[in-house]
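Please go over the structures that come below.
The following pair of complexes shares a single chain, subunit A, combined with subunit B in the former and subunit C in the latter.
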Partner chain A sequence: MDLSFYLHGNSILHKMPTWSKFALLVVFSIAFYAIYDFKVLIAILALVILLVAYIKVPLKRLKAMFALPLFMVVLFSIFSFVVNDLNAGLLTFFRLSSLVILAACVTVTTKIEDFMAFIENLLLPLSFIPFIKPKTVSLTLSLTLRFIPEIFKLGMDIKEAQAARGLRSNPIALIVPLIVLTLKRADDISDALDARMLD
Partner chain B sequence: MVRLEGNSVLEFDDVNLVRNDQKILHNLNVTTSEHRIGVVGANGSGKSSFARLLNGLLVPTDGSAKILGHDVNQSTKDVRRQVGFVFQNPDNQIVYPVVSEDIELGLKGMDIPKAERKAKVEEILSRFNLLHLKDRSVHMLSGGEKQMIALSSVLIMEPKMIVFDEPTTLLDLRNRNAVASTIMALEQYVVLVTHDLELLSEFDRVLVFDEGRIAADDSPKEAITWYKRKMAS
Partner chain C sequence: MATKDIVFIALFAAIIAALGFLPAIPVAGIPAPITAQTLGVMLAGTILGPKRGALAVAVFLILVLAGLPLLAGGRGGIEYFVGNSGGFLVGWFFGAYVIGFILKNFISDTQINIRAHFIILIACFLGGICVVYLPGILWIARNTGSSFAEVYLGSLIFIPGDFLKAIVAMLVTVAVRRIYPIALK
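Showing the complex of A and B:
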C-alpha cells in the first residue's frame, strides 16, 4: 500500500509550480461543467489520456491510481443516468473521468513536500485564527500519509497472529488490539517528534 | 567536530525520576567526559528513561542533570538542539512518507535556503551510500535502511551528541553490523543503550543499570563481566 504517488520526470507538469497546477485544476473543473458538447468532452478525455502517456505513468501504477476513482465515476454516472437520463449519465462520465485523470496527473507530478508547502501557504492567511496553525496542519497531513500504510500493516500482522492461534476472522478481535497498538504507537511518535524538535 | 576536551559531557547530580507515582531512577550521580558511553541493564532497569533524560524527553523529578553544559530542566530546547536521539524502532521516528523529505524536515525550522537543504540531504545520504533511496517511500525500505535513514535525519542536524536506544534490536546481522560500524565511526559523543554487549567492546566506558540505579560503572570488559555475573545469579 503506497500513498506516495510521486513519479520522477521532467515533464512540463513536473516543472510547474504547485500552486499553478492546483489553480489550473480548479479552472478546468469549473470549465468542464460548462461544456455540454460530447465531441468536445471526448476530445478533452482523449487529451488527458495523452497527458498520462506523456508523463509516462507505468501500467502497474495506473491500476493502483485509477481503479477506485474510476469505479466511483462509473457509480456516479449510473446514478445520474437512473435519476436523470442517458445524456446526463454520459456527461457525468466524461466530465468526472477527465477530472479524475487530470487530478491524478497533478498528484504524480507533485512531491508531497511541495504539496505540504502549498497547503501551508494556502492556510497562511488563516493563521490569525488561534486553532489553525499551517505548519501543524501540513505535519498532520504528512503523518497521515506516512502512517496509513503502517496501520494497515499492523492490522495485517494482528490478523495473521490471530489466524496462527487458530482464531477465526473477527472484526472486534482485530479492532481492539489495533486501537491499543495504534495509541501506543502514537505515544512513541509523539516522543520522536519532540526529540526532532517538531513539537 | 569539536569535543569539549576535559569538560563534562553528562553531569548528573542526585537525579531522581518519578513517573506515574513510581520511582524509575534513584539518586543518579554520574559525570562523563568520554567519547562513547555504553548503557546496559535488564528490562525495566531504567536505562531507557536515563536515555530520555539526555535529550530532555524526560526531565528529572529532582536533582540536576546537565548535558553538554545545559541544564535539562531549564534549557530543554538547547539540549535537544545538541543531542540527537535514535529510537529502537525507526518507523516511529520517520515522519514524512518519502526519504529525502523526512531527512530535510529538521532543517526547515532553521532558515536554511531550500537549495542548501537539498545539498545537505544528498551529502548525508551519499555519506552512507544511501543516495539511491532518496526518493523512495519510507514504508518500502528494509529495517536496516530505515534505521540508517533515522540516523541520517539526526546527523543532518549536526548534533554534538547522539543517544541510541537499542538501535540494533530489530535488525538482522548484516544490518546490525552496518549500524554498529556507523556508530563506531561517528565523531559525535555517543551514548548507546543496548542489550547487544558485543557492540560495547570498543566503547570507553559502560554503565550498568539495575533497579533504577547505576550498579556498575567501569571499562567495557569489567562492566560487562559484572553484568553477566549479575544476570546469571
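Showing the complex of A and C:
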C-alpha cells in the first residue's frame, strides 16, 4: 500500500519550498500556452527531459511515471490534429508533454505531507467559513491521494477478473463493484482515524 | 462533520479521479468514447447526497488545481480552470449538489421502485447536464466572444453521450443503493 511517488534525492527541486514549485508550475503552465515558436517549445521539452535525468529518476520508475500521461498527451495531440490541423496538433504535443513531465518532476520531488501543509496554508485565510478547517481539508486531500492508485488498481483487477470469466467491457459491471468495495472500506478507515484521535 | 463523512468524501473524490484513468467506455453509434469521469460526478451526488457529493467534487477539483493530472486524459493544473473547460469544471460542483438535493428530497433511502428510477434519471439529467452546461457554456461564450446560442448549439453534440451517462449513472446508483445503501447527506 504505497501511494507516494516521492523519490529521495538532493536536487534543487527537492530543496525548493513547496509553494515555489507550485508557483513555478502555474507560471509555466500559463506561459507555455503563450509560446507558438516550435524552436522554443522543443528547447523547453529538451530542458525538461534533462531535468528528469538531473533528479535521477530510476529507469524502472520512468515507465510507471510517464507511460500513461504521455500516451494521453499523444492521443490529445492526434485529436487536436484531426479537429484542427497539424500545427495545432504539434503545439498540443510539445506544450502538454513538457507540462506533464514538469508536473511529474514536482510530484516526485515533493513529499505528500509537504504538499498537504502547502494546501493547509493556502486555506488558512478561508478558515472563517465554518466547515473549512485546514486540518480536516488536508486530511481529506491526503486520504484521496492515498487511495487513487488503489482504486485504480481495484478497477483494473475487477476488469481482469471479468475478462477471465468472458465478460466483455461493461461499465456498469465494472463501476458497481468498484464503488461498493471502496465504500465498504470507509468503516475501517474511519475507525482507524478515530483510534488515532483525529479530533 | 463526522470522521466517516470525511472518509466518504475522500474516497469518492478518489473514485472520480480513478474513473478518469480507467479506459474510456466505447459506445456504439458515438464516434468519441465517453469517459467515466463525469459519470463519477453524477454518482457523487446520487450516492453520497448533496453536501458530501459536492464536497467530494470540490476535493477532486482542488487536487486538479494543484496540478495533479487527474482529469480524464491525464490532464490537470490551473490552466484547465482558466481554459475553455473551466466553466464545466465549476459546473460539476453545483451539478453534484443539485443531483444529491433532488434525490435526498424525493426518494426514500430504502425503497427503490420504478418511481425512484425515474427520479434518479431526471436528477442526473437536470444536475449532471443542465446545471453543468450552464456555467460551461457561459464561460466559453465569454472567452470566445460568441453568443450563448452559438455555443449551446455547438455543445449539443455532447448531449447524447451525457444522456447515456445519466442512464448508466441511474443503473449504477440503483445497484449500489441495493447492495450498500448510505443515508444521503
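Heads up, the rule we're going with is that the second predicted complex is superposed on the first by the 158 of 199 C-alpha atoms of A that agree within 3 Å, B and C clash if a C-alpha of one lies under 4 Å from a C-alpha of the other, contacts with A are read in each partner's own complex, and residues count from 1 in each chain.
Everything below uses one rule, namely that a residue touches a chain if its C-beta (ideal position, glycine included) is under 8 Å from a C-beta of that chain, and two chains touch if they have at least 3 such contacts.
Everything numeric in this text was worked out from a predicted model, so none of it was measured.
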First, second, both or neither for A:Glu113, with subunit B first and subunit C second: first
Contacts of A:Pro171 with subunit B and subunit C, given as first, second, both or neither: second
Subunit B versus subunit C as contact partner of A:Leu99, first or second or both or neither: second
First, second, both or neither for A:Asn87, with subunit B first and subunit C second: neither
Which superposed partner A:Asn121 touches (first subunit B, second subunit C, both, neither): neither
Which of subunit B and subunit C A:Asp194 touches, first, second, both or neither: both
Greater subunit A contact set [subunit C / subunit B]: C
Contacts of A:Ser20 with subunit B and subunit C, given as first, second, both or neither: neither
Footprint overlap on subunit A, where subunit B in one structure and subunit C in the other make contact: 139, 143, 145-146, 150, 185, 189, 193-194, 198
Touch list for subunit C against partner subunit A, complex: 1-4, 6-11, 13-15, 17-19, 21-23, 25-26, 36, 39, 43, 47, 59-60, 62-63, 66-70, 73-79, 82, 168, 171-172, 175-176, 179-180, 182
Residues of subunit A that touch subunit B when the two form their complex: 1-4, 6, 8, 111-113, 139, 142-143, 145-146, 149-150, 153, 185, 188-189, 191-198
Subunit A contact footprint on subunit B (complex, rising order): 52, 55-57, 77, 80-81, 84-85, 87, 89, 91-98, 100-101, 104-106, 109, 135, 137-140, 153-154
Contacting residues of subunit A [partner subunit C, same complex]: 22, 25-26, 29-30, 33, 68-69, 72-73, 75-76, 96, 99-100, 103, 106-107, 115, 119, 131, 136, 139-141, 143-148, 150-152, 154-156, 159, 169, 171-172, 174-176, 178-180, 182-187, 189-190, 193-194, 198-199
